[in-house]
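Lettered A, B and C in written order, each chain numbered from 1.
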Amino acid sequence: MSSPAIELIGVSKHFGAISAVSSIDLAVHPGELVGLVGPDGAGKTTLARLAAGALAPSEGRVEPESRGRVGYLSGRFSLYPDLTVWENLHFFAQVYGMTRTEAAAEGSRLLQWVGLDSFRDRLAGALSGGMRQKLALVCAVVHHPPTLILDEPTTAVDPIARAEFWRLLQEQARHGKAVLVTTPYLDEASYCDRVGLLHRGKLLAVGQATDLTQRLPYQMMMLTAQEAGGRPRRGELVAVAESLPGVVWTQPLGTGVRIALKGDRLPDSPAGYGLAPVASTLEDAYLWLSDYAAEVMKR
Amino acid sequence: MLQRIFALARKEFIQIRRDKRTLAMMIFIPLLWLVLFGYAFSFDIDDLSVALVDLSGTETGAKVASAIREYERFDVIDLADATEAGIDDAFYRNQIKMAIFLPPGFGEAGSDVQMQVLLDGSDLFAAQTGARLIQSAMEPVQADMRLEATERFREELTSQLKAQAEVRTQALLEQVPPQLQPQLGQALAAATQAPAPSIDLGAIAPTPTAPELTILYNPDLKSAPVMIPGLLGMVVMFMTTLMTAMGVVREREHGTMEQLVVTPIRPFELMIGKIIPYFFVGVLDFALVYFAGVYLFDLTFAGNLPLFMGLSLLLVFTTLGLGLLLSTVAQNQQQAMQLAMMIVMPQVLVSGMIFPLTSLPKVIQYIAYLFPFTHYVPIAKGMFIKGQDLSLLWVPATVLAFYSVAVVTVASLRFRKRLG
Amino acid sequence: MRLAIETKGLTRRFGEFTAVDQVSLQVAEGSVMGLLGPNGAGKTTLIRLLLGLLAPSGGEGWVLGHPLATEAEAIRQRAGYMSQRFSLYNDLTVAENLSFYGQVYGLRGSDLATRREELLGWAGLLDLQRSMAGELSGGLRQRLAFACAIMHRPPLLLLDEPTSGVDAVSRRKFWDLIYDLSDRGTTVLVTTHYMDEAEYCDQLGMVLAGRLVAAGTPNELRQAYGDGGGLDSVFVNLATAGKK
């Protein structure tokens, strides 16, 4: 792989007594789409800003100095609601030093790429959430930066628009850009080449989603009540689940209870219940890595 | 139903109590306006800067000059250049507001040279004050001059009569035979030596035409008694309208309105629950300005206080309705504030509180009558200053009552519609 | 099996635009029903119809046995609602928020106080009862809003996008609370556009452009429309099919 477009080496950032992120080692290479996943408060925005050079690290370093060559899209990307789609795009192109003709040509191409071309004259404030994010994206890439950093671009956008958006990002990566995206949605990890799991300012793990999932040392199983119909009595199900040998955590889900089990020997289904293995998900891996069991089993 | 209204009102009270900034505004702004309107917007000028140029050289001129100098409301300035040109220059340089020029020849017997009074028209209030005060400044001189004129007239008359009497006596003597002349002459001389009968000039002296001026109800022509009644209404109008509107809009902005709508609360209950706390705000501010005004400016309320409070309640209801109406139009708190300003300020200016209605062009007057506040001002002023009662004020009172019902009705209709 | 919600051909138009189009829905008492759909698909309008806030343009519906068109007040008295934005009063304390909503739904005196204490404990907010609601973090606000919605022990709870923007662990804890209610007989209707959340529901309905395009358990939907993928594939497939 070529040398990284961005690299964070031992990066930490403190705000007074609060440590937002600590000991981050992360590299994003050209042509790679890397996702940083974590809940609110995990440090995603701080990391994005550090990577973009908008924030200086308290410890460690960010290489290379990437100011001006980064397309940065923050969660609260400020589009001008009272300017049209075209006017917004034009403005940002000019801010990054493009000439009128360059801006016009690139602008048209990009708007067509995201499917906003027929909405040129619509006011940005009148766009739906998904469309606004697409506009924000093209405004960020109009000046051809080799690196793209996007902070929670898909939050509160519906799934269809989200899927489309990720396809656009994958295209950008295919064209050789280095793309770093933060998101709270674990399921979006599947769009990424590599994913980093962020929890309370620490990177729990970085790698391909499937690799990370396979690292899970537990077997995931689903316990269901065998009698059909009627109300699933979850309290009961959970009690049964918790009594199984080797149980690490239980989680009621729909009509059943998902269980993480330790050990090689899979228990048999208790009488009157069904117990079947289910595939582990990245979320399970995340919960394991973030020691969820300790948090939850305390109750 | 009552419980829900109570729950809403209670919640609103708690929120008002916790909003320190708005609380401060509720107290600070009325007091600020009180001070501004009571003190600062005074139309009386105590020390009018007046230039005095006396080129007459007469005694009359000197008398006038001294009267002017001694008049306590004038601050007399002696110009470096005591000429007409000097006066012009002083006006130009804003050194003086008024000038009194006694031209050469003023005060000379038989001269019709008049005293000139010049005023700076670019300062309306100074000019009007000066024009009004010059009368009272000249009072002492005019009294003197009248006395003098009467005396002189009397002396002149007496001496002329005497002279004429002598001429007649002489003519008479020549008519008489020479042997009788010395005897007649002696008799006539004795007669004319006798003290002349006093001349009663009262029957013929010119009657005094300068009026005796008495100012009723507000003898010192202070602005506080005139402004404060109207200010009471203005404060209530602004605070109540604004805060009611903001209270509703804030709910909408924070998304809690959405939650309230799905509860059993009915639109009517929501309205009342929202209005109640701000009703108290209006009453509180009214009381604040009333007591502060009476205390600070030493005013006395001349009329029937309970009646006044009752009529003021009509204004409070109107403003509550206005606030509700505003809340259906404004989309955020900032807009609410802007709209409240736009509603209150023009009303204040054309209502007759500061500038008399009759001084406005007819068209504006008609427009002014459309505003509810315009009908409150005569009630407030009338009751406060003159102690008028309903027999005189029933017209504005009725209009105000009508307004309060109308505004609240329209507001609640719109409010209900907006909620749905 | 009794139905907490039943609609037949429920429709709502705004002028030319049909926001809810012939929706026929059945939600069994005590179940957890999820309504999925993108923004603007009509989920919110449907909720407003179910709460009697809007009159139907066509069709009919019953919520907790009350007809939509005529007994809207009764529905609102008995149903609970939690909106997307967690409508809490930031400048009131946790306890004051609970008291307010309790009072609005008719609780008073010692009944109000007892219930309030009960929910403070249940939601884990006892220590925070005097804190301002505005100071709470996302997960705690969510719990408080939830507690406010159930002060009056509603037999039906409508939750509009309840866990948008909340992290996975808080979401799991939140769903524990929902399941607890469901076990005790409360019917829960959740709208969401987040697929992972759909997994938590007993039954799902997919809403697109105002129409109910699919209904069933998560498994059934996966098998019928999933193409081997998860629920988001179901969604995307249905959506693209709808566009054709």
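The rule is simple: contacts are C-beta pairs under 8 Å (C-beta built on N, C-alpha and C of every residue); 3 or more make two chains touch, one makes a residue touch a chain.
For clarity, every value in this text was computed on a predicted model and none was experimentally measured.
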Which word fits how the chains touch one another: line, ring, star, complete or other? line
If you average the Cα atoms of each chain, whose average lands nearest the overall Cα average? C
Centre-of-Cα separation between chain C and chain A, whole angstrom: 26
So what's the Cα centroid distance for chain A and chain B, whole Å? 71
Measure off the straight-line distance from the CA centroid of chain B to the CA centroid of chain C, and report it in whole Å. 64
Per the contact definition, I'd like the list of chain C residues that touch chain A in the complex. 1, 30-32, 37-40, 137-138, 164-170, 172, 175-176, 179-180, 182-183, 185, 193-196, 199-202, 217-218, 230, 232, 235-236, 239
In the complex, chain B residues that touch chain C: 3-4, 6-8, 10-11, 14-15, 18-19, 254-266, 420
Residues on chain C engaged by chain B in the complex (per definition of touch): 51, 53, 73, 76-77, 79, 81, 83-92, 96, 100-101, 103-106, 108
Could you list, by residue number, the parts of chain A that touch chain C in their complex? 38-42, 128-129, 155-156, 158-161, 163, 184-187, 229, 231-235, 251-255, 283, 286-287, 290, 292, 295-296
